[in-house]
Amino acid sequence: MCEQLSEVSVDDKLNEECGVFGIIDYDGNDVTRRICYGLGALQHRGQESAGMAVSDTNGPKGNIMYHKDMGLVSEVFRDETLNGLSGNIGVGHVRYSTTGSSSKFNAQPFVLNYLKGTLALVHNGNITNSEELKYELANEGIVFHGTSDSEVIAYKLVRTRIRSATIEEAVAKVAAELKGGYAIIAMSPRKIVGIRDPFGIKPLCLGKLENGYVLASESCALTVAGAEFVRDIEPGEIITITQDGIKSDISLKSEKRAHCIFEYIYFARLDSKMDGINVYDARINGGRALARRYPVDVDIVSGVPDSGLIAAEGYAKELGIPFELVFQKNSYVGRTFIKPTQEERTRAVHLKLSVLESVVKGKRLVLVDDSIVRGTTMANLVKMLRKAGAKEVHVRISSPPFLYPCYYGTDIPSNSQLIANSLSPEEICEKIGADSLGYMQIEDLETMTKDLPLCKACFDNNYII
Amino acid sequence: MCEQLSEVSVDDKLNEECGVFGIIDYDGNDVTRRICYGLGALQHRGQESAGMAVSDTNGPKGNIMYHKDMGLVSEVFRDETLNGLSGNIGVGHVRYSTTGSSSKFNAQPFVLNYLKGTLALVHNGNITNSEELKYELANEGIVFHGTSDSEVIAYKLVRTRIRSATIEEAVAKVAAELKGGYAIIAMSPRKIVGIRDPFGIKPLCLGKLENGYVLASESCALTVAGAEFVRDIEPGEIITITQDGIKSDISLKSEKRAHCIFEYIYFARLDSKMDGINVYDARINGGRALARRYPVDVDIVSGVPDSGLIAAEGYAKELGIPFELVFQKNSYVGRTFIKPTQEERTRAVHLKLSVLESVVKGKRLVLVDDSIVRGTTMANLVKMLRKAGAKEVHVRISSPPFLYPCYYGTDIPSNSQLIANSLSPEEICEKIGADSLGYMQIEDLETMTKDLPLCKACFDNNYII
Amino acid sequence: MCEQLSEVSVDDKLNEECGVFGIIDYDGNDVTRRICYGLGALQHRGQESAGMAVSDTNGPKGNIMYHKDMGLVSEVFRDETLNGLSGNIGVGHVRYSTTGSSSKFNAQPFVLNYLKGTLALVHNGNITNSEELKYELANEGIVFHGTSDSEVIAYKLVRTRIRSATIEEAVAKVAAELKGGYAIIAMSPRKIVGIRDPFGIKPLCLGKLENGYVLASESCALTVAGAEFVRDIEPGEIITITQDGIKSDISLKSEKRAHCIFEYIYFARLDSKMDGINVYDARINGGRALARRYPVDVDIVSGVPDSGLIAAEGYAKELGIPFELVFQKNSYVGRTFIKPTQEERTRAVHLKLSVLESVVKGKRLVLVDDSIVRGTTMANLVKMLRKAGAKEVHVRISSPPFLYPCYYGTDIPSNSQLIANSLSPEEICEKIGADSLGYMQIEDLETMTKDLPLCKACFDNNYII
Amino acid sequence: MCEQLSEVSVDDKLNEECGVFGIIDYDGNDVTRRICYGLGALQHRGQESAGMAVSDTNGPKGNIMYHKDMGLVSEVFRDETLNGLSGNIGVGHVRYSTTGSSSKFNAQPFVLNYLKGTLALVHNGNITNSEELKYELANEGIVFHGTSDSEVIAYKLVRTRIRSATIEEAVAKVAAELKGGYAIIAMSPRKIVGIRDPFGIKPLCLGKLENGYVLASESCALTVAGAEFVRDIEPGEIITITQDGIKSDISLKSEKRAHCIFEYIYFARLDSKMDGINVYDARINGGRALARRYPVDVDIVSGVPDSGLIAAEGYAKELGIPFELVFQKNSYVGRTFIKPTQEERTRAVHLKLSVLESVVKGKRLVLVDDSIVRGTTMANLVKMLRKAGAKEVHVRISSPPFLYPCYYGTDIPSNSQLIANSLSPEEICEKIGADSLGYMQIEDLETMTKDLPLCKACFDNNYII
């Protein structure tokens, strides 16, 4: 799903989905490899660039080392690079690849040498008032090297820090001026400070090392870094972690909460738990709801790998129909494979996914995916299944059609490219060549996440801010 | 499975598994991108190096261009590289990564400028008498730049070709001296010649373009290259494809046949069909046989992604137990991720696979994989499942323990590293911490491939040559 | 000489010698290649990094492109790089390699996107009050990425520009606060503004294109860029060049002038003319003065290539003794040749220079160089000459011993490394093994540059500021 | 001169000028850095590629390591590369850059693993019967990867070695079949064998280490490697150097000798001594002869740097006229500077050489160079001198016009590009705009090299073979 989105997404430069990570090891053990592992577990949140900044809390003041570059964690961090970095405290970042804003100047962490020392910052989310903040800073002579709102926050923090007693005080002052959805980790050579937006739009959680702490966008990054899940950071909470332990400041806490439903639909990893909800359970339950809403009598239920598989399992369970894999996925064909010519576009789909004919032949089946963007890929898949002998192909989508822009960090393609903007479900069904098509209903989204207050603005135009 | 094997395999320099591909387009259309697509579909057969050689059948005589390098197809062939290559006839190769013999000098195709022009050669398999052939050539002053038996065949072919009327005549003469299992495609600037060993140990099949032909190790490479499956190359058949059509020479055909069972167990891709057998069906049937042999009363059946999933589906079907995914696989963590230190080895497993707790908690389950090499990975997985709350973990392996070396091209780890060589199944079960362990029985292998004559020497020490 | 200096220079991060270049072509022709040529002619002023920024005066507002990197002009600018740049206005820079401050973050031009657009800046010289300026900026939240005073000027200029009507107004305001010796060219997308420090310590001159202008550190860069020498920029003059022509502001002009004598001794190129004095003539005259002061009866006069050759010619002329080349210089052995081990250090000298035995054998000779730093190289040369059969070797140095630091941009090694700081001329003569040694006298420096007011502070401790 | 030649030279793939080097250190000290130094001193003989092969005479049999690549010695061998090589015996090579045959496959040494072990080979010169030898080998199935005759010799040697008792025996057998001019060093893991062609066309000399030996194309490479000159290798001599000392085989010695005059005119370095003649003396004497033949009354004599400087000194001495430098050479502008467009060609000359106006103004002068190829560069220089105020410019060329091809390794441009082929000296004089022009006379060449028998075939069409 992510790849389909990125293929069609275009411009709005400040929008992005990312993963953030922070760690401090009180025993003084090196954390660079654990940051790599953590970022590896968060890689699904962003494949454009990766980076880390580290420091030694016992070292000379102000010494933050960093490395960041375009590419996957495995490309940016080789053994020889890691050998040049060391420290027992650090932050890391993976950035989502959106066409247009792809640039090394937007790679994070931002590490800035300022009057009082050095600080590093990583950020996931979107600041809706970043243009005003940017103008205000630029008017003082601040020069921006990239185009992201994360850089604006970094400079804002530096300027605020100069007239603040501590970095956490500066973070609190800056956060009071930020609007939007965000999770930020700031780092001075001896401290990490995490903050989550007051509505809890973006996720951030806390884990515990044997002797130290971890902050991460998702809980799936904790285990690989050797940490155990403690709790989610509260919406609006500023958490400061130093050699002396944890300090929590909830002065920005709000009554209203609005957790992004997209995290459960496809951003977050299956094995993550966010604000009390297992992502896996959410998707199973979504599939079940879809089955109750749009049941159909078929022989097998399957999903588009990997984004539709779990909702398909839920759909199958609800109806007591066997769940089976019907596609072979080629995991070697990723971002960097030679671009298909127009003529090769159909063959390119075959390169990524091919049908297992033995399963499909003569069968009536349901195919579940998490979304339809332009519809061309789904049309190809339906055609492939029919060619392999499928008697019926019923498509089920585990999210409602998104019709409205997201201002809080989800990079939704522009209207003109979204098939749901120009066609009705019936017309889409015809266009993709399916026997039937069913979308998740907005009111069924609650079944995924129980009573968690959700932001569903991209579906229902109901914005919290 | 492949990755586990490669981690522990060590030395025997001449052993390798590879994928070969050949194509000719009578209409004169460029084939370079189709070779890339074909190699992309064969990438599972080898990730060490990739290469292609192409020529224009209407161009000046003798002009074969090529490019090869270490890495995945997507790394070796970028758009700019492809732009420098063109032709309507070509061969391609992907090479398996085995420790020790990893070298750019072993990358294929071998393209040699000799007295009568230029020829290119790609090869999958192992020649058991290559040392004698190599000595004979070296004694005439031939210099080898790599260590592979493929290079020996290439030089042997050049020397033979000088005193032969055609390349197919030379191929026939050389093949008559080769022992072992192999699929070879040789190419002159205007012809491609394919040959499969007389016992059919290694696979090779023929596809048809709108106006032209394709040869490939597996049928899964045909569709992406725009071809339709025609038939398998016969064991011992020499097939010559030119602008004038196809010519078949079966003078080397043998009565005896012995198809490698490993292709069905894990080399070949699910959606390939070889010698009349769907690989998917073979694995489903293997799982069913395993279920009949070692049934157990559990709540769910699952497999290790991706190698054990389909046998697990078969196992589940046979017993009527639900098949469910229990692991989240991180597809971003591949060959090149930073190597774990000893201390991090356990965390590294978590980075690749993590348990979906919601599925596992409180459940009795069967976990299917296609093999156990050293046992450490399986032990980790069992431990992870138990930690996530699994009440029972029963392990089923969809192949017998391999106990004997393969002389025909399968890179089996040395005895000392194979857990099955030192421990009984009961001891292995204890070591990996499972509640029960069941291996596929040698006599059940027949259920996978019907009445196909098989080479099972690595299991039963019964070698055909 | 430059290389010897750089070998021993160490730390003071803000010191540097550089070359600056600016160009505008009113006809709209591309200037990128002419900038390359100009920088190539200024390459002797700095080999650490090179860069250029260009813009199209008819293009969309604010579009300045740039490229800069570590290395020689020929390494930084290849054809493919140049193809990515275009414009009819631009600035360029070459930077001197001093140990310690060598970093890509110090490469110029500095190109900054600020509130009102983009500006680029190149700078040669040293600002003595840069620390105060830096603190003042940092206190407003400005973040510096390198360590050079040039970056301080750039940010100071940005901040000033925001509250100024034009860039030339901003340059004038900034210049009024700068202390030290400098030549600066600032560039907005449609203008270039040059300024030279009020004392004329650093050089800057103006050339005329057929239809346009060039600014350059030295006149030798004009011809290769297709320009003719017009005049030197006046000390303290701010010159603004736009599509509408040239504007000159002399509000900062000072009565006092102090041109750096080092430019004539060795920084500038032989074929440059600065403030009315030909560099070649200055060196010939220096050699003549040296000959008058320290004549000696020898067979031939020679110089250390290339730094001592012209003073040697002057010395020879004055005494009517033949000037001959006695060393073969290896021009392939430059900055990047493998570093010699301690044991190889003597051989390394041989690699750079070797004696022409036929010339030297049985001869009494004078060897001229422009300076002695540690004395080890000169000692080696004298030894080589004696080994080749020289009967007498008299060393003459065409500058006085430098004994005091330079605050205006010349990177003089620290005291402890300067042989002249610890030894008397007699002791140095003995240490280098010469038959006699003569240094240029401070009072003779005037003969090089006629009545030009000079800064000779490094020799006489007499600082203008 | 070399650069001018290479600019216009075109195709004949087998022609090349190169430098060879071999070394053995009986004390077992590493020789890799000394090979670098030696190749650095031979760099003027070839700038296209560089390489070395080394072995440890006390190490395991057959272990020859090597590294070679396109580029200068300083580019091919960095510290990190050298750290990967070690041995106390080795050979090295620098290759001349000729358009057309420039390819990494022609880089030397050729290192071949053959039946009896490994051997390496470096070669300077040209084999006139290489096509026959190549056919003979190709007919046995030998495959060539490059296009140089050096590779032919290497394979011929391998094939011969298989049926010989020692490498020196094989070298002698091969040499008996070679025709042309050459200097070759072959190396087995424990021996180096040098050979010079029977006529002595190509140079090769022997140097002595404290405990070991060096072979090199020119004596200038000995000092930097820590060796003292012993003697030239005799024409036709095969010299074998092992741990046991030196062995000399003169069975191929010929009565006739023909030393290449071009080595003295411009190939060799000034400080080299070849076959008893100092290169410096040869050029001084050439300049003197030129002065006697074409005297002229001028104020100063100068030369084109660097190729014409010494002949100019000789010219000046003979007539008692002052020799002075009139050009500033830019040593930073080498092979890799951006190529000039047609329009920039004149400026490009200025970038390399600029006139010192002060010297030239109002003067009558002689300008000496070693050759004229197309005449365009010389015409530019004359024009530059006149523009700078020269009253008269008399051109003198220190070699006769070359009119005939060289079959022994000198890469002479094709006839159509040589100005001397289409124009008479008078016409050339007019074309280059000189006041007078004088070429060295063929009969005067003897004055350069005393009674040394010379090959002057490129001037007089008198070939020895």
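We just call them A, B, C and D in the order they show up, numbering each chain from 1.
Convention: a contact is a pair of C-beta atoms (placed from the backbone, for glycine too) under 8 Å apart; a residue touches a chain by one contact, two chains touch by 3 or more.
Values in this document were obtained by computation on a predicted structure and should not be read as measured data.
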Each chain counted as touching chain A and chain C at once: none
Distance from chain D to chain C - Cα centre to Cα centre, in angstrom: 35
Separation of chain B from chain D, taking each centre as the mean of its C-alpha atoms, in whole Å: 52
Chain centre separation in whole Å, for chain C relative to chain B (CA means): 63
For chain D, residues that touch 2 or more chains besides their own: none
Chain-level touch network, classified as line, ring, star, complete or other: ring
In the complex, chain B residues that touch chain A: 33, 36-37, 40-41, 43-44, 47, 72-75, 77-79, 82, 220, 223-226, 269-271, 278, 280-281, 284, 306, 309-310, 313, 317, 322-325, 328-334, 336-339, 341, 344, 347-348, 350-351, 354-359
For the chain B and chain D complex, residues of the former touching the latter: 112-115, 135, 137-145, 155, 158-159, 162
